[in-house]
Structure formats: structure tokens, C-alpha cells
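First chain A sits with chain B, and in the next complex the same chain sits with chain C.
And then the complex of A and B:
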């Protein structure tokens, strides 16, 4: 009797173990997606944000050039974000501004304001792979992260920046992307991107981006104070320094149209 | 109570002080032109023309940038042409932005349209003709502009008091007709002359891949009718500005790497009416030839119902003309750019060719080289008058 009872409980334990094992037996693709979804989920609800960005461009000889940019963003439910990018330096492009309505899958809508001509120009958003302001950042490196932009594969765990991290491969869905894949490391504690490797169209390692000095805002949203992009193929690098991050500042959809594009500073 | 009020006032003042913003920026430039051929008309400068120009901008912004005042004077001193030595207030305006409206008051510039080689619908500002041959430099226009943002587009209403005469090269200048335009011999159709109150409205909207604009202008025609007249023993061109009503339409479709552009106008005056079209496309190659450079190819076509003119009635400048252009952006640290354009009249012999190249030097300087070549063997073409004015221009700009 006792034996029978034990047998049953052993059997049920085995069955339970099997069952739970099955429910956790996600494919690496599913795991990669789940990790990315969690990272995105943790960064939702910031409503709007403003920040100042300083770009330091360095070539192999160590020559530097500065870009000073202000960015205003508005979170849009069930669509990509709206953003305004305002150029302050170099001085010859001061007053130039860029308006973007991003979409997860469809092409983004983008307008450029040229202050000397007072002209607003709708521009093609196909240029994702081109350099942003002569830097090592491509336009696509600066656009908002959306789940639908990639397919995923979980590669395992690794320690990066002294933090236990998930290592996930991302394959761009858009054929206009300059990359065949990105490898992203997200720390297990907070799901913050710690490092990204970019692989070019020939699948060779092109660039590495590292995130430094994360700070938390509103008790929830993590933003790195600094990002370093190193291009392995041409030896150039670009450092991004972020200042004056602010969230829930009261920006509205009306702050992101062709009129505000002409006025904004 | 008094103390409380005082504290509130101090708080308000200090808030006002921290949120107000004042900025000075602008540019200074030196330009050197060299004309390859000798002058066609006796008084004209021989080969070399030097110019310096200043265009500072003063900006005040407060109330989170919802209230702004901008002052942008401009002055050019030319070594050869007295008419090219000139100043203008490009901008002196106050803008107040509400939630879904803006009121813009003062001297300003407004651009309408989508095409690159000719700007048919763009009629708010007068052309500052002595600046360049492309007609893209404009004189400041006094206006009251109410802009309303609606779900169905942006509506702009303009009241435009005060008219500006076009600027033309003087006796000593190149790039002009055989006889000079007399700046003192100006007449108007309206009895109010340059005080005529003009009115304009524009609707513009983006629907998916399409950017649309429709506008109506009622007032003094920015394009003068030039007719020969005698000033003492000299022949000059006198200017006559009639009244016009112009309906304009502009459309751009942005589909993948293609930009399709279309502009059309219908203009009605007491001296006749016409309609005209400027249409074409722009295609971009991103990362061309395995580099980080972008190559843009442009083609546009002009048509005008006035057709080709004759010696008595000059007709339209661009009535059956085709334009080609290519633009290379090198996407380097210095933002180097190279632009080439070619236009030709399909009815007459008249072609022009331009090259523009520029790059940044350091953080606040920019160097440019422009080449302009004109060729025509047809007397009625405007290009014929400037067929000897092929030139290269070097310019050096300092931004502060």
C-alpha cells in the first residue's frame, strides 16, 4: 500500500517535472523574443521626454568634431514614437530640425526643415543605413526600439560590464537595414542594453556600441549617460553624451507637426 | 498680504528670467567671383568681383519657446556693382504659438512648394535678384500670418501690407540685360502703388505618402513687366507691377527611394493669363558604390501655356525646358557636398550648367566653389544676354 502510494507520487512528480519542462522548453527564438518583449515592456509609459545630446566624432588621427542636438519625443500607443531633432552645432546647420513619425513596420514619415530657405522638405525614410551627421551612428541606430523591427535568437548568458547578461541575436526585418544582424547584451537585473555588436551586409563585424553609466528616471526608466560607438573597419568612433533628461514634460501631439518644426529651437 | 504678493512677484520674475532665452548667431562671408569672358556691355565689370556680407540673427524666446522675437538684418558690400551693395531686413518678427494656432507678425520669409529648379507656387516674398541667378534669395516681407492646425491640415491666412521691388544688377554688374533696370522708374497697376494690401491663403496637409498644398494669392505681382524707356540720353528698362490672382497646387509623393514632385499655377492679370507646370522626380541611392556617400538624381520639366515668345512678347522663360541634376552627399565629418545641374530649352538654343561644391572647415567655417555656365545663340532667350557671364565663385563663410 505504502509502496503503491510512493509509486504514484513518484510518477506524478515525474509527470509534473516533464510537464513543467515542456512548458519551459522555449526555442532559442522564442526566448530571444521573450527577453526583448520584457525589455520593451519595462520601458513603456514614459509618455514624453526631452534630452540634450552631445556627439563627439573622432577619426583615426584623433581629430574631433562636435554635434549638439536636442531631442523631443512623444510615446504613441500601438505605433512608433514621434520625435523632433533640433540641431544647434555645427553652427552652419543651426536651426535645422528633423520631424519623424516612426512606425514599427511601415516606412517612417520624415520631414526636414532648412532654416536658410525656410523650407520644410518631406524626405525619403529609406535611408536607414546612412551615417547620421557624419558620425558612426546610422539613422537606424538612433530610432526607437520596436519589437516588430527584428526577429530574435537567444544565444546564452554572458557577463558584460560586470553584469550577468542575456545575449540575444537580432535580425532586422527591413531589407533596407545596413545590417545582417545585431548581437545585444541585456543585463538580467534590469533588462538594460549593455552592449551591441553590428554586423554589416557581408556579415562581418562592423561596429560595437557600449552603454556607460546608467541612471534611473522616475524610479523606472533607465537611460545611459554615455554611449560609445566604435567602427572596427575604419577606426573612427563617436561618443554620445546625454544631458538634461526629462520625462512627462507635457508635450502633446501638436508639438510634433510642420508648424512646430519651423519654430522649434 | 503685501509680503505674499511681493514673494509671488519675485518668484514670477525669477521664473521669467530663467525661462527666457537670448541667442546671437549668424554668418560673415567673403565671396570672389571671376568671369571667364570679357564683358558684353561697356560699363560692366571686367573679370573680378569681390563681395563681403553679414547676416547676424538675434533671437529671444520665452514662455517655453511659445513666444519668440527674431531679428535678422542682412548687408552686402560689393566691390563693383553699386546695386549689389545693399541691405535688407530678412526678418524682424514676433511669433506667438497657441495650442493649435500661431500668429506670426512682422517681416518674414515664407516658402511654398516642392520642386527644385523653379519655384512656381512660391510667391509671398520678392526675389533678391542681385544675390544669385537661381532666384532663391528673397527680400523680407511684412506680414500678418495666422496659422491654424486642423485635423484636415494646416491653414495659413496672410495679410501682406507693403510691396518690395525686385533687385537688379546695376550698370557695372554682370548677369544682366543689355540695358539696365531703372530702380526709379517704377509704376503700378493699383492706385495704392506699393501700399496695396495683398492677401493670401494656403492649405497644406500630409496624407500617407502624399504632401499636398493649395494656395491662392491676390495682390501685386512680384514679377515686373520690363519695357525699354528713355532716361535722358540713356535707354533703361522701366518696371511695371500689375495685380494678379494666382491659384497654386503642389504635390509630393514620397514612395520608397523616389520623390515625385508636381507644381502648377494659374495666374490671372489684366495683361493676360496663363498656367504653368513644373514636375519631376528625385531618386536616391544610399551608400552608392559601396561607400557611405549618397547619390541623388533629379529630373524636372517645365511647361508654360504662354509658350515661346518673340522679340515683342517675350513669353515664358521656362515653357518647354528640361532640367537634370545630381547631388552627392559624402556623409563625412565635414559634410562635403557636390551638386551638378544642367538645363536646356527644348524649343530654343539656351542651356545652363552649374556646379556647387562645399565642405565645412573646422567647426565654424565653410568653403564653397560654384561654377555657372550659360550658352545661347537665340536673341529672345534671357540666357542670350548673359552668354558671356560664365563664372566661378569662391566663398568662405564664418558662422558664429
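And then the complex of A and C:
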């Protein structure tokens, strides 16, 4: 099964490489879609993962603030992934847990467990564009990449982080997105996201996200150890540092429901 | 030296003209570097403590420059399906405003409510189709009962609402950025009115104010400067009846202004509301030089001198007096460098440069032009000389009555000086012709004032704002603020937390209170922040590590001193109730509230310096320290009287008026110089007695004085027509001061001189000494 997937991805990579040499055959829209599909394809099959995330927030005045989060994810075929976010720091939110079933186009299903209230609350909100824990990341920047979330346009090739990269424009399908478009650079060798530019509702550059220090897990899945988000409009920035990545840890669907929320830590 | 100057000019007039024009042309080309700075911050120096506080607050929280669309449905009810749909579309459109980072309206207000164990966060107005009357009523009830909205975004009766756009100007090129926002906002407004003819829109907010600074000055430039030229041409044309003289004067004026503004460009000045009045002032002041030269020249020609000799004589006579008056005027304007507000320093420096350039042109290109151009002299009746003689007789005969009467009038007027109150209300910097003023007045009458104070309450501890003690303090403070009559609106995080607590308990109204544990508050905020859309986050209320929060209080319109009282009360509240937190208060309103006071203090120092310097100059010029000291009286009295009259008539003194004393000092001194120097000349050289000396002074400079005063008063009255009230008031008060100065010099000074001389004569008779240096003739214009 796995071998088959690898074979398909290799074949499609070869096909794509051929196609990009005869680009007259495809419209930029189709090319953009193909590149994105390939990137998604290469990242399939990790089943589940856990990781620790450290958020470093900085404002213009030089003030800094730290958030600590644990994220568990479950890969879902043909839908958005399920994720469980457990907050560790600041201390006063310790034990708060957030469960999300993301959907490419429809509103996500979301539940939050508040230890202070000892209750699970379902949150009904279409908003994924607000700042996540006061940082420069929106929740939509952190949720899993799904082909159906965007329409695409291939813009050309460019060197980013010293790597030959595809430059693809992505237009969010969800009208509640905070962006009119994103420009994504994926390196040609591994189809890893190197850089993303986010454009706000008036199509002005809002933020730039750069991915630093990629590491490969299970000989296949690339994850950046560090992500830097810079907001050009307010001068604030947020750095994400990832630690303790683990894949195929044996998480089940049962670990991702509202009853599991209270148990997590 | 005086002869040499005109000797050269008279021999090579063409060269002088060419060199002057070339110089002016090169200098003036710098004018294209001059740009207008559309930013209220220019009024504050970098070291201004209120500005520093405000800037550091803006770095911690988000910036708060804004544009407000004040939307007024003509049927008086915002809560209809059509109006809500229109507001929703306006809200969406507003996101297209350049540099917008946040848009607040009643339609996109993030309404939270509970449904069993669900917590729902959505726009208050989701869909506008198929809204029933009961839906509309419900929306209205939510909106007008929401403390975040009522009296800020929606009026409490629901007849006016606001779409507030927060913009984050990069500040790289404010000359481009502010107009860019204004243009976009106006286009949106126009489109909205076209689509919704049953709705009115006003534009207010900081960006519109900044735009108005530039636009008011530009429109002044296109109306006031031509008007001023008209005044000059009419005055010289009618009073001196000379076409050549008028043409030459206009040329000198144009060159003085162009060269000054060009140099300003080269020197890296930028234009601001106050400094944009420099051309009008330079024009006014430059005319005086030319009038003196023309008057003397015509006098000589009428008495049979040929043109060249007449010009030479006129230059010889006038060089020193107009140099002296130019210097004193420049010193007066330079005193504005003591101002705490940079635009006034610029204005002072520009006018000082302009006045000195006008002097240079008046003694070079002006006589050169007069030499080259044809001049006819008509024999003119010396009617005004007769009237001056009559005036002199009147003053001399009635001196015993005039001195006490004028003294009493002066003291009576000056007694009203304390009626003046320091006030810098930046809204009132514009008169009712400026749309921003109209919009803001409307907003004050229908929604909320423009006085805003931002209060940052800091714990110094990460997550410190979630502490129940802290939240209770902030909530109590907000309640205290709301109980004050001047308060329109208070935006505080505690209202949001109370609402969330209620939502989390099934919308039970009894839970509308602050959470009782740190964890509870922290987790509510986490939940809430995760459910908010782009641009409607809490980052404008909370700092990055949640150690401090910002309360924004909006007040009714009030004077600077009232606002400073409110500020003092707020600080006292925290000192008494929560001394453990450090508190910062800042806002543009506070900056303007304090600037008047700071500026008055610094201007008093500046004016004192100018006064000392000018008195020393006068002492030298009159070759008598005693008359230098006596001249202080007619120099200071006009400003005292003018401020007294102002206290009766208007009573509000702001930034613009605090510089008037220094400014007028240099101008009114001119009258005194001319009058006293003629008076002394008569006494010293002609051995005239006091009465004869007064006659002589009236006869010689009376006419020139009232002509120049007429031009100056007319010029500053033109400035008083400015729609930029700061300039208008400055112009009006200056015109009044100059007019009073003439009255003082004609009616008060001569009786005073006669009274002093009388007592001196008595003394010298008894002591048999003279305190006078009889050898003086330095300022001796007008010998016939």
C-alpha cells in the first residue's frame, strides 16, 4: 500500500517535471493545481502525529511573550484532518484543550474544554482568520493544507532559501478567510513550503511566513523546526518552534472526540 | 555707505535687476521640494512628553488612526432591512481602504450567545434578506444595549451609526499616505450615497482631520494670497497713485515670497497649517519697506528733484530706518523659536528670512526698477498732511485729558486679560466651512464627542490582566468614568469578559459579572480570541503578554483645562484605589490639551528675550537708553489691550494666539521707532520744544505710519479669513494689535512724552543738568 503510494508519487513527479518542460500544454491554473496536488500527495500517509510547539510573540516595543502548546493530529482521507490542541503556557490556560475537525470548505467542528469551568463547549464560529492566542498566526494558517481550500495559479520559478522553487498563487475558497490570496514557494526537489506571503482583503501584503530548518521523519515527511511570521503592517512577529515530532504513534479516532478532551494533558 | 549703495544701483540698474532675479530664480527653484505634512503630530516636538507617551502606547497596542463614516438614514432609523444591508456593504467596502487593519460597525459586531452547551460567535447582522420585524427589533435591542457599541458605533436611539475604519499608516511617506486614504474613503462615500440616496454620510476621524490641515491651507493659498495681492495693489495704487511703484512693489513681494519659500525647500522645511501662512505675512511686511521708499521718493520729486536724485535721497533716508524695522520685526518673529510647537518655529523663521530678504530687495532691485521704469509725478494736494496737523493740534491741546482717558481705557481693557482661557480644541482649529468640522460637530450632537483618552493599566506581570483583582479594578474604574457627566463611552475588556461569563452560563443574566478566578478569565479570553475574525481581535485592548490592558474613554467636547482636570482625577483615582498598578494616560486630545500651556510658558520666555533684544536695538537706534525704556510702554500696551479685548470677545487662547505677542512686538516697534526718532530728531537737531517736536513727528511720519498700518491691518485681516481657525485667529488678533499700536502711538505716546518732558524740565531746572545726549541723529529719516 505504502509502496504503491510512493510509486504513484514518483511517477507523478516525473510526469510533472516533464509537464513543466512543456508548459504550453497546461494553463497556469492547472499547473498551480498540479504542483499543489503533488505537494499534498508527498505528505500523505503519516496517519497520526504529535508535536510540541513553542510560540514566541514579539511586539514593536520589543516585548516578548511565550506560549506552549501540544498538538495531536489524525490524518483523514478526503476531509480535513482532526486535531487536538492542548495548551500548557501561559499557566492560567494550562489544561485547556481544543478539538477541531477541519473541513476544506464548510465550517470546522470545534469543541473547547475549559478546566476552570470543567465543561466542554462547542464553539460555533466560521471565523478562522483571527489571531491565534494573540499571535500573528491565524488559526487558518495552522490548520492542515487541503487541495479544496484554494484555487491555484502557477506564477513561475524563483529561488528561495537558496532552493529552486515553484511560485504558486492560492486563492481561498472560504469567503470568511482573512486573505484574498497567498503566494507560496515550494522547493522543486521536495515540494516543501519555503515561504508564504499573505495578502489581506484589500490585496495588500500583510504577512510573510518563512520555514526554516526542515527535517525529514520516517524517511518521507518533511517538517520545519521553525516558522517565522512577520506582520508587515503592525511590525509584530511570531516565531514557532517545533519539538518532539512523532508519527504513527497509534492514536485512534476515539482520542479525538469530545469525551477525550477532558482526559488530555 | 548709503550713497555708495544707490550709486551702484543707479549706475547699473539692469545688472542689479538681472542678478536679483537670477538669485531669486535659483533660490525659488527649491520650492518644488516643499511639501505639506498632513499630520497632527507635526504640532508636537519630539521631546513633548504627551507625544512620547502616546507613541509608546501605540507601539504596545495597535495604532489608532481612524476614519469614521457617520451614516445617517433620512428616515431616522438604522434598523431596517435596507439600511442594515447598506451598512453591511459599506463595512465590506471599508476593508478596501488603504492601510485599513480593522473595521467596526454594528453589522460585523461579534455577537456571542449561548445555545445549551454551544457557544455561538457570529456577526450581529448575518443575512439581511428576509429579516422580519421581530428580527430587526432583536438586533436593535442587542446593539443599543451593548456597552461596546452604544454611543460610539450606534446612537442610543438608533438613528445614527458609524462604520469606524482603523488604519495603520506605515508613516514612510505621510504626504502620499493620508491623501490616499482620504481619496479612497471619499470614493466609497460617493458610491454609497449614489446607491443609497435616502442616506447621508459624514466623514470624521483622525485621518480626515489630517487631510483637512492640508486642504484648508491649500484653499487658503488659492483665495487668501490673490486677495492679499489685491489689497496691496489697491492700497499702493490709491494711496500713492503710481502704476510703476505698484508694479515694482508687487515684484519685490513676489520675489521675497518665492525666494523665502524656495530657501525653505532647499533647507528641508515642510509646510504645515501655521507655516503655510508665511507668504501672506511676508507679503504684508514687505509692502511697508516699499511704501517708505516710495513716499520719500515722491516727496523729493514733487519738490523738484529729478528721478535719480529722488531715488538716491530716498534710499539714503530710508536705508537705516527700514533696516532697523526689518531687524526688529525679524527678532520678533524669531522669538517663535521658543515655541514648543515646531510649525510655529518654522513660521517664525520663514517670516524672519522673508522680512530680511524683502529688505534686501527693497534697497536693490526696487530702486533699480524705479530707475529704469518711467514715473510720472502729479502734483498732489497735501490733504493728509493737513489732517495730520489737525491731529497733532488735537493731541497737544487735549493732552491733559487724553493721557488719563487713554490710560484708563488701556487699564480697563487689560483688566479683561484674565478672561482668556487656555484652550486647544483641535476640532475647532477648522471653521464651519471645513467638512471635517461639520462632520465632527454632527457626531458630537448625535453620537459622541471627539475627546478621547487612552488609559493603559499595567500589572508588570505576564497574564496579570486575568487576575480578578485587576479586572475588578478596571471594571470599577470604568464604572466610575461612566458615572461622570462628561463621559460618552468607555471601551473596556471587562465588559467582554462579563458577557462571556454570561454566555458560558447559558446566557443567564445573573452571570453578567466578572469571572472569579484567574484561570476562568484566561480561558474565556482564549476561547473568545480563537473565535474572532481577522481584524476584530483583542490586540488593540491587550498587550502581547497580557500584562496590561487599554481602556479607551470618549468624552463630550470640553476645554483643555477641563480635560486636564479629568486627567488629574483619573490619576488620583488610581492613586487612591489601585496604587499597585502603573497607569499611562495618552491620546491626541491630551497632547493638544497640554500644548497650549507648554507653549505659553515657552513663548513668555521667548517674548521676554525678544523684548530685551529689541529694547537694546532701540536704545542704540535712538541713542538714548531712557527713550529705549519709554518705548517699552507703547510696544507692550497694544498686545495687552488686544488680549483684553479678545478676553471680552472670544476668551479662548490656543496655540496660534500664544505666539502673537512675540510676533506683533517686532511689528509694532516699527511705529514707535519712526515716531520717536522724528520726535528726538526735532528736539535734538532743530532744538524744538516738546510741542513742536510732536508736530514735527506727526507731520513727517504720520501719513507713512497710517498707510503702513492700513496695509498691515488689511493683510492680517485677510489672513483672518482663513478657514484654518488657528491662522484666522492669529491674523485677527495681530491685525487688532497693530491697529491699537497706531492708536497708542497717536493718542497715548505724545501726551506721555509731553508729560515726561514736563517733569524732566522741572527736574533739570532745579538740578541744572541735562540728561540728554544732544548729538544724536542716527535715525533721521524725513528731514526736509
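In the analysis below, the second predicted complex is superposed on the first by the 240 of 265 C-alpha atoms of A that agree within 3 Å, B and C clash if a C-alpha of one lies under 4 Å from a C-alpha of the other, contacts with A are read in each partner's own complex, and residues count from 1 in each chain.
Quick note on the criterion: contacts are C-beta pairs under 8 Å (C-beta built on N, C-alpha and C of every residue); 3 or more make two chains touch, one makes a residue touch a chain.
All values derive from a computational prediction rather than experimental measurement.
After superposition on chain A, the partners chain B and chain C are seen to clash. Shared-chain residue A:202: touches chain C; no touch with chain B.
In the superposition on chain A, A:60 contacts chain C only, with no contact to chain B.
In the superposition on chain A, A:211 contacts neither chain B nor chain C. When the two structures are aligned on the shared chain, A:233 is found in touch with chain C, with no touch to chain B.
Of the two partner chains, chain B is the only one that A:109 touches; chain C does not reach it. Of the two partner chains placed by superposition, only chain B is touched by A:118; chain C is not. Within the superposed three-chain model, A:257 lies in touch with chain B and out of touch with chain C [touch as defined at top].
After overlaying the two complexes on the shared chain, residue contacts for A:87 are found with chain C alone; chain B is out of touch. After overlaying the two complexes on the shared chain, residue contacts for A:96 are found with chain C alone; chain B is out of touch. It is stretch 459-467 of chain C, out of 153-161, 207-215, 369-377 or 459-467, that runs into chain B when the two complexes are superposed.
Residues 57, 59, 63, 65, 90-93, 117, 119-127, 129-131, 133-134, 176, 178 of chain A contact both chain B in one complex and chain C in the other. On the side of chain B, the complex with chain A involves touching residues 21, 23, 25, 27, 59, 61, 65, 68, 95, 97, 99-100, 102, 109-111, 114, 136, 147, 149, 154, 204, 206, 211, 252, 254, 256-259, 284, 286-287, 292, 294, 331-335, 360, 363-364, 366, 397, 399-400. Chain C contributes residues 56, 59-60, 62-63, 95-101, 110, 115, 117-122, 168, 170, 462-463, 466, 504, 515, 517-524, 526-527, 529-539, 542-546 to its touches with chain A in the complex. Of all residues in chain A, those touching chain C in their complex are 57-61, 63-65, 87, 90-93, 96, 98, 112, 114-117, 119-127, 129-134, 138-139, 176, 178, 200-202, 204, 233-234, 236. Remark: chain A residues 57, 59, 63, 65-66, 89-94, 107, 109, 117-131, 133-134, 176, 178, 252, 254, 257-260, 263-265 touch chain B in the complex.
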